[in-house]
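Heads up, there are several structures right after this.
Consider the two complexes below, in which chain A is the common component and chain B and chain C are the respective partners.
Moving on to the complex of A and B:
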């Protein structure tokens, strides 16, 4: 739109007729960016080319550098680093702390994905009305997604610490006599992280399931009612199958979010007690920036990338197949 | 499954008012942690201890004032830096991603599919995997530990992929004839893109701008390590580094949380229609 007001090239001059030295030549990109060959390279191709170069420089190149670095003993405190072949990768399988972090990450991903989808579906079914109060409640239910992981972490930490709000409220109500150590033991701390993340992601799953519910054609229900189907039967045979695409989105987003989770764990437990809530993503950062083992941390990063991409693709394709077969 | 079927059946049997009451109680329970943070931001620390869940009987702005008037200007500098990083990121990603997406849509189907597959990597990669080499690359061009470097890494990574996918979805609904007609009239690709395509894909721009603003504003890992401790902090790294390790009293903590969290919440409440439609159009995510 803004371009409309600029003095453009003389009217009637076709874009592809300008010889060397015409006004447009400075905007042209290299020939390989040319759209089809019959048209000259132009400003659009240049911008697209810049975007592609940036992506190559900050996603593809870092991936290559990580791979290369994972074959060395690189350490910023040493002047030289040397090629060590697959040593780092062999070490992965003897690294108990890494194996624990992988187990924790995948257990967390499984529990959180299940819980967030169950809570989201339940809330969506409850809120599936279009009057104003229900729209307001949908607005509120999405709030956990709006706040940053750091704020969510601090809020939940103040709820869950030994003398925190949860224990104060439960003791006031006479439900417990002794404060519960929500973050005190490895099991309880892991459970607490799972609760916090299920809460965060339920905001997302609720809204997606709710939209899917409200997209179900009403006449399907009416036809089923005429045929004598009860409410339970209608849910099982109409609603639930039509929610399959929403389930695919929700499960994928939950998995990806947990596999790269960093902020909430850092604030709520810092990975403790005794590294019990240390996810692989946290471990990579610790190995790189606290222990300065750049080479080894790159090997862990490559492992996380391979494993998490594999899991996401597998789960997504399984869920997609379920969509198609319905 | 059985539980859910039962739940639906149970909800259907409730009268309208009873269902609304159940819904209010459940939703309120769900967001009770946010309620606690909100009400306690307006109570003195003794009142928080005496009644952690009650509404503030002696509402006070002292917590907010203390947070705002901190000698380290935690809130002011954090909000300013987050605003700069967020606006720069969004203003750069929108044209870059829209142009790339439109350019790809004009290429052969095969070329487009290959390019989108490469771009999909950016959506899947955990940011920790590329963090260390990203900092090294920024060092090569003299931008490590700088806001420009943080913006550059935001612009060039997964956010770009996300935006390209959103635009690609919307571009499929732009009729080819419109674009072809404009090109026959002698308009350059650049001009067709900016004057004809961009206005047609405004909903995509809204979705991209809203979600990238939220994600950039809330990002923690990249600012923490790309900026480092000495460059200045965004709002997320600022509050983490200031109160992360120390226990502050609850009044102070919730005062800081309120001031740090209020901007995205207001933005969300103001734009929630676009938020929800962006989420539910299944756009690229």
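Moving on to the complex of A and C:
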């Protein structure tokens, strides 16, 4: 007789062990067991297995390879490389151009996240109607999000260049007398990149805020109106708190998108002038393919991953806490 | 039964996919008919358009039976960077147009051309040699930069073509006083932003010490040396005097050409390839002069190249070299390069008239700078021979050119460039 190793059930809790005649079991046993009690293939398990394989192949394996590469002096043009231990990581903190790129990337992430959320929330409130024109405008608002970063870059480069659309329109309207150097100084180029990215991400934030707005119970507004609350008070006391989960999603996605930004900057400014708009992702590519330092660029990539993960976790945790407190 | 059907269908699909893959491989290897497909990395500029590349490839294909070219276009003018990305992903091209061989040759990725053929065909056979070997046929040369000028704007301002630096500054002052912006700069494109610095350092520093780059590599000269500082200070003087157009760092290279050729600015320091972009209808309104020196001596910053390198790993290296040779010597290609890219031919025993080209007076005057006896030096940052800058340093050089627009710290910028040079040389 086999010993029963199942832990004793606390009194009053159902037994879900699947044994005959116990609560929580069906006559045929759990879904993943066949009638004879043998494990049978499950569609969900197959899907999960494929997903796990893809994740391992496209995320974990490259991550492992990057980690391994970051401990070497790998050069894309040389067949062999040597193990250098933590040398690449020690160099990170003496690399002024890297530190500048990190500072720029984080400043850009902060500004763009704020701007994209503010614009997205504003547009969502304005477009929170169900008639056809509003639905069309929602589609338009989402358009920047579906465009490829390279296309967005080319569009905005043609807008912001010295002889571009922005200057032409402003001059034709008599707003400016001389063209503005949108890409001509470090400050203006950084501002231009921030505007472009806020434009792109506001499409996403608008849709997420709209979805959240439509889930807010209308009777809350009616009750508040009956109690004499004005539009501003209703927004502050009902809408904004109930949008907290959407804010968490939007802030996190905006941060992650900007922290790994490469394509738009490459096309619009190429990281210039004088490397002032060089994001860390762009710097990684330059170190790898211009300076031939694959090993070091992998170390920078690992650093960016760690820092981005840390920031994302921190922000998510803070925003979740805010959701609970609201 | 159904399961068996799906297994059979899956197997059939997999076999079909494998067959398709096999067919693709056959396309890239020597086929039964002896046709080899070679990949060819090119790039496009306002002068070197898709039409030029397709035409020149078709012409060379006719000369080398059994070769079919699959053209790849670099996403920017940074051919080296793109070639490295392709190498890293196992797609190194079989032929690579106008790359810097010193980046790839030490890794054994390139096949050198035989000396006998190079010596027999070119005026400066070792002009772009790396370690004594020629990886790119030196079919033509460029002066980098020439100073292009608008004759009408000079006449309007009462300015004269300068030979010395002092005369150049006087001309700038007169042009500005007449309401004309003296200097054009395509500053949003880093390579174009660096052109005045290339002219200054090549003329002032290399003009007096042609071995300067070799000595910098050896560590016996430095960017922070007083002669380089004095030269770069001139660039700051031009910026501070407001001689470049406003918002110069916002202007893309393509737009800068339009600005200059439309007469919005009076002078444009640019590589001699700009000769191919001068408008035909008023081409005689434009002239060129070499970058002015302190004492008026003529110093020509010079670079030789113009053709393609061959991958040592090409599926058929012999055919790849045959194609490269045919392309390099094809007079029709050279004619197009002369007319559209301002290339100065460097083929032995042939003058301009042998190509049947129609060129402007600005071209023939500029070509005389190449054929005349004068001091020719390596155009810093542009030569692809042993004096090429270490990997990544061109970027830093370009970046410095842009940074000096807003930072008045020449000594600091050059000291930083020295540090980056040393770091790049070590890697």
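In the analysis below, the second predicted complex is superposed on the first by the 267 of 326 C-alpha atoms of A that agree within 3 Å, B and C clash if a C-alpha of one lies under 4 Å from a C-alpha of the other, contacts with A are read in each partner's own complex, and residues count from 1 in each chain.
By definition in this document, contacts are C-beta pairs under 8 Å (C-beta built on N, C-alpha and C of every residue); 3 or more make two chains touch, one makes a residue touch a chain.
Owing to the predicted nature of the structure, the values given are computational and were not obtained by experimental measurement.
In the superposed model, A:77 makes contact with chain C only, not with chain B.
By the touch criterion defined above, A:197 lies against neither chain B nor chain C after alignment on the C-alpha atoms of chain A.
Legend: residue contacts after superposition of the two complexes on their common chain; A:294 is shown touching both chain B and chain C. Shared-chain residue A:124: touches no atom of chain B or chain C. Legend: residue contacts after superposition of the two complexes on their common chain; A:180 is shown touching chain C, with no touch to chain B. Contacts of A:258 after superposition: neither chain B nor chain C is touched.
In the overlay built on the shared chain, the residue A:151 is in contact with chain B alone; chain C does not reach it. Of the two partners chain B and chain C, more chain A residues are in touch with B. When the two complexes are overlaid on their common chain A, residue A:62 makes contact with chain B while staying clear of chain C. The contact surfaces that chain B and chain C form on chain A in the two complexes overlap at residues 288-289, 294. Chain A contributes residues 75-79, 157, 160-163, 178-186, 269-270, 272-275, 286-294 to its touches with chain C in the complex. Listing the residues of chain C that touch chain A in their complex gives 78, 80-81, 84-85, 87-88, 103-104, 106-107, 109, 187-190, 193, 246-252, 255, 258-259, 391-392, 395, 399-400, 402-403, 405-406, 424, 427. By the touch criterion stated above, chain A contacts chain B in their complex at residues 1-4, 8, 12-15, 24, 27, 35-36, 39, 42-45, 47-48, 50-52, 54-55, 57-63, 65-66, 69, 119, 121-123, 125-127, 129, 133-134, 137-144, 146-151, 154-156, 158-159, 165, 168-169, 199, 202, 204, 207-208, 211-212, 230-232, 235-236, 239-240, 245, 249, 253, 256, 259-260, 262-263, 266-267, 281, 284-285, 288-289, 294, 297-298, 301-302, 304-305, 308-309, 312. On the side of chain B, the complex with chain A involves touching residues 1, 4-9, 11-13, 19-20, 22-24, 26-27, 30-31, 33-34, 36-37, 40, 49, 52-53, 95-97, 99-100, 102-104, 106-107, 115, 118-119, 121-134, 136-137, 152-153, 155-158, 160-161, 164, 186-195, 198-199, 214, 217-221, 225, 235-237, 239-240, 243-244, 250, 253-254, 257, 260-261, 264-265, 268-269, 272, 275-276, 279-280, 282, 285.
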